[in-house]
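Labels run A, B, C and D following the written order; every chain starts at residue 1.
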Amino acid sequence: MHSLAVYRSAHRIALRDRTLQLLVLAAVVVITSTFGWLLLDIVWHGANRIGWEFLTAAPRSAGRNGGIAPILLATVLILTVALAVSAPLGLATAILLSEFSRPGGRAGYWIGLSLDILAGVPSIVFGLFGNAFFCVWLGLGFSILSGGLTLACMVLPILIRTAESGLRTVPNDWRLGAAALGISKASALVNVLIPAAAPALVAGLMLGIGRAMAETAALIFTSGYVDRMPASLLDSGRAISVHIYDLTMNVAGGDRSAYASALVLIALLILINGAASWLAERTLKRRITAS
Amino acid sequence: MSPSARDARLLRWLAFAAGLASAVLILIVLFLMQESWPVIARYGLVHFVSARGWHPTEGTFNLVPMLAASAATSALAIALATPLGVAAAIFSRFYAAGIVGRLLHWVIVLLAGIPSVVLGLWGLTVIVPLILKVAPPGTSLLAGSLILALMILPTIALTTEAALASLPSAYGIGAAALGLSREAIIINIAIPATKASIFAGVMLASARALGETMAVLMVSGNVVQLPKSLFDPVRTLTANIALEMAYATGDHRASLFVSGLALTAVVLALAAVARRSGGQVVHA
Amino acid sequence: MRIGTFLLAGLVLATTMQPASSAEGKLVITGSSTIAPLAAEMAKRFEEKSPGTRIDVQSGGSSRGIGDARSGLADIGMVSRALKSDEVDLKAFAIARDGVSLILHRDNVVSALSDQQIVDIYTGKITDWAEVGGKAGPITVVNKAEGRSTLELFLHHFKLKASDIKAQVVIGDNQQGIKTVAGNPGAIGYVSIGTAEFEARAGTPIKLLGMAGVAASVENVRNGSFPLARPLNLVTSAEPQGLTKAFIDFTKSAEAYDLVREQYFVPLGP
Amino acid sequence: MTITGESEGLVEAVDGKAYTVGPLLSGPPCCRPETQIRVDGLSLGYGGKPALKDVSLDIYRGCITALIGPSGCGKTSLLSCLNRLTDLIPGCRVEGRIMLDGADIHSSGVDVQALRQRVGMIFQKPNPFPLSIRRNLEMPLKEHGITGRSELAARVERSLVDVGLWDEVKDRLDGAALSLSGGQQQRLCMARALVLEPEILLMDEPCSALDPLSSAVVEDLIETLRGRYTVVIVTHNLGQARRIANYAAFFWVNDRAGTLIEFDQCRRLFEQPRHQLTAAYVRGLRG
């Protein structure tokens, strides 16, 4: 009797193990196949539309034909504005948090809290704010500047938090060493701490770029819809994600162009991430071997 | 300039920058308040949950159907994505040997990087027509949830993966020494030990799902109604803002800012819960 | 210090990249998605005619045209209906006429609907195509989001209230409505005749439905026999001057008539 | 409680007991005792918890002073007070006075960076910056206003020669400092401190992270600094303290806070301790 009971429980355990294994495998198959489907679909529908002309021509008949050159330029300009504002601001705040604020200090606490709140605000709300503040209140109108500044507000928490944690991982030995030599915090930052944290800073920056580039909701009501070549930062410019949205939703027969634009966007994102990890690796290597 | 003077100047700059960064939040809150105040003052907060419906041209602004739609799509998306995400993390941690696990990891990272508008495009051209064949109009609560699930799956998978990776390996070795099977280790040790982190990941994913706009707007039909079935079209709070902000004026516009405030409040509450349960924000 | 320079550089960048052309060389036009494609074409020709000008056209609905013209966010608003009594503070300039017509998928066998049937479909009393002589299958009612002038015109014509309508899909732009109907054989929607005809000629699988026995066509809008017609207006907050006046004059002139016809609208002149 | 190297006769000590000090050992002191730093009633605490209580001692110019005692008795804390590195530690409170050549280093007019140029420090773990060997040395110089190319090169070479590293690295000055061996890194750190031409060098167990061979090299190096620099060294290696130090201060944990038990000439502290605790510790019975 006894041996039978043992056998039974062993059998039950084997059954449970099998089931779990099967469920996990099934889940992985579902995920990978959906992902494969999604990716293949985008490549399949988008690839034949992409060519030199697509990247360099202006869109014609609402984007069904022609290319996306003005859209790419607008996207780059919006990103440039966003980063030109948020990167220095973010780095400075991160330095303040990691190097000058004492853990548990009041200023650090409040800044940290407001950052966490900011990180949780949905992007559409940034769009509302950007429209009310930059477009209307500051009178910038629907412009690349408004869109870029709105995105700057949006990616600020990401930049600050990644830069802060990057700086915090720099060994304290160097801070003490620099201080003991009578080196100012400013020089220590410029010469030692920031270079040492560079991989993390770059990674954070790329994360921010990726987030900003994929953003649609915050841009529709700030940088606008105009798909023409922007001539200044005060012109409206259509970001690539807004272009995809417009083609998908508003343009009958625009799906092919939408897929092609989506493919371009994904390729750009992968390129940026690849460049980021390559850059991070390179700075890391250079730091250890030379310089 | 002496080093000390240099530091004093640096600190002034840094404080200025940090002040500016924090001011952004205050500015956002102030503007949301200022823009939404007229309609709150005129109708009172109760109006937004008790009015006859959402008919901006008739002056009734009931947010309940939109709140319900947001909650329903997000809840369904979480229900779909949580088991899948956790399973993916378990797979790459316990089942996959080396390269396969890393491959899955990269697939998930890549999935995390796909812009929501691209998911919306795919949803509208692939998922919606499929649902349309079953029950028109295709753009529905179900479509929205499926796309959202795809979007938040990486968040859950990556937070779970990080939590599993942070388990001391002695746990596993000790359990294996007791003769426990891999599955017993997963069910009895790994999952219970990382419960809090997984929960935090789910909360963060919910916050993302609630805040997502474009993908949901593109696939869920945008009819203001309390959904009765999975195939009913719904309009979420975020979609409502995106859809009507383009042309809304006066009280209508102000009521959209009220939706924005409501949305922010809900999302922040979720993020706070996530933080309390010890979650780390995974920016993915 | 570097951070300071960086910040400064950012500010300098922001301020120096002012528009290349001076402020009076630029016009911002926002509003009705019906007028937007026409206005964009007119803007292109106007720019060619007077170099150094730049005209940005953004769609978003007639209400936004009114709002932006009032707030000064736009120099000119586009409004695809007559001004209401509380909007008389604005100056309106009609540039064309347009009708609103119901559209179905090209494969839908239904070829005409009575006013009553349309009302019943939009209020949810009729939910299957079989009830109106079509192939059995659920009707997908596509409605416009509230605040859109096309919706207001539609409601006004059928004496409905926004809250009476039971829709399955709510859309914003005309284009979105056309795309939704083109992608769903069981759908019914209503859009600008001009836009719909433009799309149908371009090969989009939709068809326009006549109303009260009158075919939905540009011709019938022109001769006034189509019941659901409206003016397409440009509005300004004050008496237009300078570039604004030049552009509005241009849009109303015979020079722009062919553009109006190309977009399947009805020019006001001969 | 005040104990100085000069005191003789009855000395009040801990536990309420008094100890009699024996006669001075014969033989001249290792250096001319001229006070450079006077620590006067120094107490220090972290976040309200005392770590060092009421310490007073003199540090003599040109001599090597060793701080010994068990872990956690406040030796390193005392060391960090001398160049105000304690400023960087959150929640650290310092009371009492530290006079450097008669001026209080905590007074408000003191430029901390200039102070730290005068008082160099070597850490337990070698911490060269992740830069080239040359830039490790040039960066502090430039920071203190020395920018002439020839002067930079000359001072870099001199300091590297001083620490005996010149011949080993002269062909790869632009190579990464982190690619040097542990002992070389520690000597580079000493060169980095010396390049600023400080008067005082603080060393926090400079040999404890090194292998015995490198340790011996560094120890020999410290010997050569005698007379030119005032050296304060924390060490757990009693043999090392005995070999190189002119003066020694013995600390002990009392009521959870470090206290100075005995300060004297090194040989006397080791051979004729006045305090039982010292006697026991140097004999290796306790601690």
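Simple rule for what comes next: a residue touches a chain if its C-beta (ideal position, glycine included) is under 8 Å from a C-beta of that chain, and two chains touch if they have at least 3 such contacts.
All of these numbers come straight from a predicted model, not from anything done at the bench.
**Student:** Of the pairs B-C and B-D, which shows more C-beta pairs in contact?
**Tutor:** More contacting C-beta pairs are found at B-C.
**Student:** Of the other chains, whose C-alpha centre is the longest way from the centre of chain B?
**Tutor:** Farthest by centroid: D.
**Student:** In angstrom, rounded to a whole number, how far apart do the mean CA points of chain B and chain C lie?
**Tutor:** 34
**Student:** Using Cα averages as centroids, what's the distance between chain B and chain D in whole Å?
**Tutor:** Roughly 56 Å, centre to centre.
**Student:** What is the distance, in whole Å, between the centres of chain A and chain B, each centre taken as the mean of its C-alpha atoms?
**Tutor:** Spacing between the chain centres: roughly 16 Å.
**Student:** If you average the CA atoms of chain C and of chain D, how many Å lie between those two points?
**Tutor:** Computed from C-alpha means, the inter-chain centre distance equals 82 Å.
**Student:** For chain C, write out the residues touching at least two other chains, lowest number first.
**Tutor:** In chain C, residues 1, 3, 7, 59, 172 touch at least two other chains, as defined above.
**Student:** Note the residues in chain D that touch 2 or more other chains, in rising order.
**Tutor:** Correct list: 112-114, 143-144.
**Student:** Residue numbers in chain B touching 2 or more other chains?
**Tutor:** 3-4, 6, 9-10, 13-14, 17, 246, in rising order.
**Student:** Graph of touching chains, which shape: line, ring, star, complete, other?
**Tutor:** other
**Student:** Can you list every touching chain pair?
**Tutor:** Chains touch in the following pairs: A-B, A-C, A-D, B-C, B-D.
**Student:** Under the stated contact criterion, what part of chain A meets chain C in this complex?
**Tutor:** 61-62, 81, 84-85, 87-89, 91-92, 135-136, 141-142, 145, 186, 190, 224-226, 228, 231-236, 249-254
**Student:** Name, in rising order, each residue of chain A that touches chain D in their complex.
**Tutor:** Chain A reaches chain D through residues 102-104, 171, 173-184, 187, 191-192, 195-196, 287-291.
**Student:** Where on chain B does chain D make contact in their complex?
**Tutor:** Touch list, chain B to chain D: 2-4.
**Student:** Which residues of chain D touch chain B in their complex?
**Tutor:** Checking each residue of chain D against chain B gives 111-114, 143-144.
**Student:** Given the complex with chain A, which residues does chain C contribute to the contact?
**Tutor:** By the definition above, chain C touches chain A via 1-3, 6-7, 9-10, 13-14, 17-21, 26, 28, 30, 37, 54, 56-59, 71, 73, 172-173, 175-176, 178-179, 182, 199, 202-204, 206.
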